[in-house]
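Once you scroll down, you'll see the structures, which are given as structure tokens.
Here come two complexes built around chain A, the first alongside chain B, the second alongside chain C.
Up next, the complex of A and B:
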């Protein structure tokens, strides 16, 4: 218990360090740091229907980050959540287009399944490259993000282009109104139930199954697990598939829910934020719930800042990036440095 | 043909510069995934300073200083706080991408692209069709050679590589790997600044948000594909750039038949193919980096 408390304490200490860095950067470009942070807090917590806005951002992020946790626990840096998220949305959009006019009871599950399949397939090739050839997954999944973003541009300006749309902003036709699972504002019982289900299954998978235990061990010491006779290859590929599938599910939820249509370049920071959530929660599925709410609040504030406080939305990007910078820092390293400094002062 | 070569040199040079920075860092034992962020800071600082002060030397100085500061921050977090190199590097990239967007809004009031009245000096009309290339393109072979000379033929360079290969051995002869990595990152920072400067001021003379669009990551992949060797990395960078130039050319020729977005994906696909190849060719030991490169 004390170690868990220490982890939480450490995490918050580094988030404080990150916020300090943000304040420095804001000051450097001539923004008032206190005003910005005040705007962030106001936008996140104290505006009308604040909780709805937070949940709208937190739930899809939560789903993607559970996938990230599963993959990172197995020791694979799947940075490609963004691309898998896009591919899921694309697959779901094709499914939604094909199922136009059918009953939502049929169409919605099929679209969500298509999204999961799309995301999982987009995670499969980096997994195979990693397992079969040994190509580093950090770069392959990163390149996958760029390729998926271009594929999204292609799909929205080609096969699924909205014929009535203007030439500039490319997007698909709005999906069948009956198939929408939430209003544009973003939350609904369906999305909430899906997220809860994903968290419970993710928890069960990582804590209560052979896959979860073995992948957690493989993440720390793959050769040991291989020597004990576990099939590391299939663990690796399943981890990638789970992770891609969940990112794809989040993509299809964004499509059927708040967005209602496929637009090129939508939610460009979703994947990176989801990875951050996974790391901040120390790769524990249950902790992602709390952390996703925190980052959901930041995301909801990002839209509020320019409207109300006249502050640029990039401020939130800065906050996220600084947290990424510090989040994996080790507390014992800090203690080591402090003691070294102290001993230097004594002598 | 000539303009294809010009386009090829133009798109390849920034990636070569950023790859050189990656090589230096990787040899010292740091996976520098912050290259993308450093590069965009270099690009933004160059254009914005030229626009505000009208002085090119000052612009390059600001770009180099900012890149050095960010590199030092990365070093502090990775080496002193022992953070994970990959995640911290991505954090630096995020800071660069977000910070430049924020700087544009703070200075010019919006995130719209910023133009500069002039850019880097060109090599001049004496070179015919190549006259429009910037001096940094001409300087590139010299710097690649210089980096090779320093890394592979001097005491400093060998010690730096030792810090990545076998830090205990380095420590045994009295070299501090921690400190050496700081020098490596600081040495790489000007290369990132130049990469950004070449990208933004080499031919376009403008800066727009996210304009690096993955070139820093391509430079990082070039380091892996080039097995951590300056010349190898430069060749790999040109291979990716070649795919890019080919994509743009194909877009002009076959744009009506092949979707243009897919042709734009060519450099990214080439990067993936390059990684796959270098892993297949049995360079596993170098492809996964010197022993000491940390993972989570």
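Up next, the complex of A and C:
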């Protein structure tokens, strides 16, 4: 277990380095680095109801990133979490519209299930293209993100358009107030319980099932798994479905929870932050809990910063981006070392 | 083209003084000092991992020693400097060839030669054809590298090395890729070079080959110089094999030992297969199996093959003659376009490898580090994969129990490892292969397909693999071994089938006749990539 500790330690060292880089950037654009970082910490941890605000952002991110981890472990770089998140929200919105007036005990589970199905279907076609035609899933899922964002615009300005809406951003009618699972600003036991369930399921799936072990091997060496007789196609499709389903679940939670309605272009970086969380946690489901809380805290601070004198919310995006930079740099460094090591030993 | 005699004609062709080479924490060569007379054929022998290739690379300036120095014809060459070594007259022909496949032989030679200017294609071909004829290498200057059989590619590599007037030519394991007759032709060519005054180093690992061609022999073991260079005249093959094997010599069966070092004509080891038992219906039956040629080359064309229970059958052939297609077809990874395959009396058509494994198929694949193991995954995960593929994907799999079972299996197979959690890539080749054996050889195995199971292994590990396969046979499993080492096949196989151009062209039983098998290997154009069949 010392190696795992080392990974955690190294990861935090990288985050620290990223924060130092941010401080330099802040200083370069004339902001006070200490003031900004102080504002971030204050916004994340020391404002009234700070924990609620952190969880509000962290829990949906956590759910999506567990899906990302499952897919990445199997060796498939499904970067379509954003699109699958949108498709889940759209499917849940249609379900909520259809179930208007029914008991929340019926409607909420059905809406969440619809969200999962929507996200899973949006991950299924890249999976099939990958397995049957060898299409690179990075390209297809990324394209899927754009299509899903446009589908969201279409749905909110067409089939589900709120007739009373007048603003520039189109949106759907608010969903039935009885079906809401949280307030606009907060979180709720339902969301918390769902997230805990997802983490436990994700942990069990990756660590305690044949799927977990075989997909872990396939992610590192698909050829070896094929020579063992594993159905690599089933592993691939299952991984995509889990990944898309969980992103869709997060989408439906955002809809029934904090958002309360479908709005075009809502949470435009959710899926990408979730991918970042998956990478920072070194593809370990349990680690995503800690990392999602960290990024949830950053997201919460982003909304607080403008309240503190003249600090732009974009500061948070700079922090996110520099962490992404360091994490990918780390992956490259590791790969570089590996290939060098290999070529040395090749005789 | 023997250049003018060097100033210090009596100076040794190569004088290595206390050469030590380290790769990381691993010492590949330790304090090797040896002087090699010019104008002779020197053989360097040893087990896999003894440091032969490293020594060749130090001589050619490809590897810089951590200590010690190298004198070429009395001149000190800066360590690890290929260009200086080349200028001093050293050329190395690698184990795997590296000529551009789309070039013609003439283009390659023109490219590496210092001749510059504008020439017509015809002029280049004419020039190099006459040069080839001069140095006695039988090659067509206008042939494309990719169209050449392996043996001729090797000739082209040798010609390439001779363009720069090499005075010291090093061939790294040149016989590994050749059929028996090809080896004889290579040796004739090497003797021709010697007659022209070239000093030749041959990295070999068969004693028979050493005695057939070399003037002196040098034995390396575990990175240290054991003896040499000593004259081969009057040398006892068994004494030499003892030097190569070292301390473990006593623990290895005499016939195995002869096969391991290529002491002489290999005979079949004395172990006899158990008698047939009632209820045995054959481990493998292949009829008219046809697989289209693909990335591996030939494909299969109507191959018939039988492996009985308690029988070891060997597939001999020059590499690239359909061996990979055969294994992929048995595994169900390359679908048959015609013919049929039965494993353990059960017919398989479309069913995949998981179903075949259930019927008792076990596979030791060609590429240990790609198809056999996931190097960055832990040992226990690598081991338990075979157990998990038969289950439903979402069935529970407790890592603790699997890790414990893996641990027990590794102990039973005498794998040297620290922990079942360590990555498979941290094991030596022999230990890695034992992990695969521990995974693939179990009580339910009915047919074990072992593709090049001993490639790259040292002698102790090779003997362990052979004994494991014999043990599986004695418990009633059928074993199919694919190998390019005839000594290995003759030693352990109860029957040898030759594959050439994707066809089974002959079946042999002990006592084996190396000439007859060799003839079958190169019959029907059984050499390398192109299909010469009409």
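Rule of thumb we're sticking to: the second predicted complex is superposed on the first by the 325 of 347 C-alpha atoms of A that agree within 3 Å, B and C clash if a C-alpha of one lies under 4 Å from a C-alpha of the other, contacts with A are read in each partner's own complex, and residues count from 1 in each chain.
Going forward, a residue touches a chain if its C-beta (ideal position, glycine included) is under 8 Å from a C-beta of that chain, and two chains touch if they have at least 3 such contacts.
Computed from a predicted model, the values in this text were never measured in an experiment.
Peer 1: Label the relationship between chain B and chain C on chain A in the superposed model as either fit or clash.
Peer 2: fit
Peer 1: Just checking: does A:279 make contact with chain B only, chain C only, both, or neither of them? Give me first, second, both or neither.
Peer 2: The answer is first: A:279 touches chain B but not chain C.
Peer 1: Just checking: does A:133 make contact with chain B only, chain C only, both, or neither of them? Give me first, second, both or neither.
Peer 2: first
Peer 1: I want to verify one number. Taking the Cα centroids, what angle sits at chain A between chain B and chain C, in steps of 10 degrees?
Peer 2: Given the fit on chain A C-alpha atoms, the answer is 70 degrees.
Peer 1: Using the superposition on chain A described above, determine whether A:214 touches chain B (first), chain C (second), both, or neither.
Peer 2: In the superposition, A:214 contacts chain C only.
Peer 1: So, does A:230 touch the first partner chain B, the second partner chain C, both, or neither?
Peer 2: second
Peer 1: Between chain B and chain C, whom does A:320 touch in the aligned arrangement: first, second, both, or neither?
Peer 2: Touch partner of A:320: chain B, not chain C.
Peer 1: With both complexes superposed on chain A, which partner does A:288 reach: first (chain B), second (chain C), both or neither?
Peer 2: It touches nothing on chain B or chain C.
Peer 1: With the two structures laid over each other on chain A, which partner does A:238 touch: chain B (first), chain C (second), both, or neither?
Peer 2: So A:238 only meets chain C here.
Peer 1: A:29 contacts which: chain B (first), chain C (second), both, neither?
Peer 2: A:29 sits against chain B, while chain C stays out of touch.
Peer 1: Check whether chain B or chain C contacts more residues of chain A in the superposed model.
Peer 2: B
Peer 1: Looking at the superposed set of three chains, what is the minimum CA distance between chain B and chain C in Å?
Peer 2: Least C-alpha distance after superposition: 9 Å.
Peer 1: Is there a shared patch on chain A that both chain B and chain C touch, and which residues make it up?
Peer 2: On chain A, no residue contacts both chain B in one structure and chain C in the other.
Peer 1: Per the contact definition, I'd like the list of chain A residues that touch chain C in the complex.
Peer 2: Touching chain C from chain A are residues 205, 207-214, 216-217, 220-221, 223-231, 234-235, 238, 338, 344-345, 347.
Peer 1: Show me the residue ranges of chain B that touch chain A in the complex, using the header's touch definition.
Peer 2: 33, 73-74, 77, 80-84, 86-88, 90-95, 97-99, 101-103, 105-107, 111, 213-214, 217, 220-221, 224, 259, 261-262, 264-265, 268-269, 271-272, 275-276, 278-280, 284, 287-288, 295-296
Peer 1: Can you check the complex and tell me which residues of chain C touch chain A?
Peer 2: Chain C residues touching chain A: 23-24, 53-54, 331, 333, 352-354, 356-357, 363, 365, 367, 370-377, 381-382, 384-386, 388-399, 402.
Peer 1: Please name which positions on chain A make contact with chain B in the complex.
Peer 2: Counting only chain A, the residues touching chain B are 25-26, 29-31, 72, 75, 77, 79, 129, 133-136, 138-140, 142-144, 146-147, 150-151, 153-154, 157-158, 219, 272, 275, 279, 312, 314-315, 317-318, 320-330, 333-334, 337.
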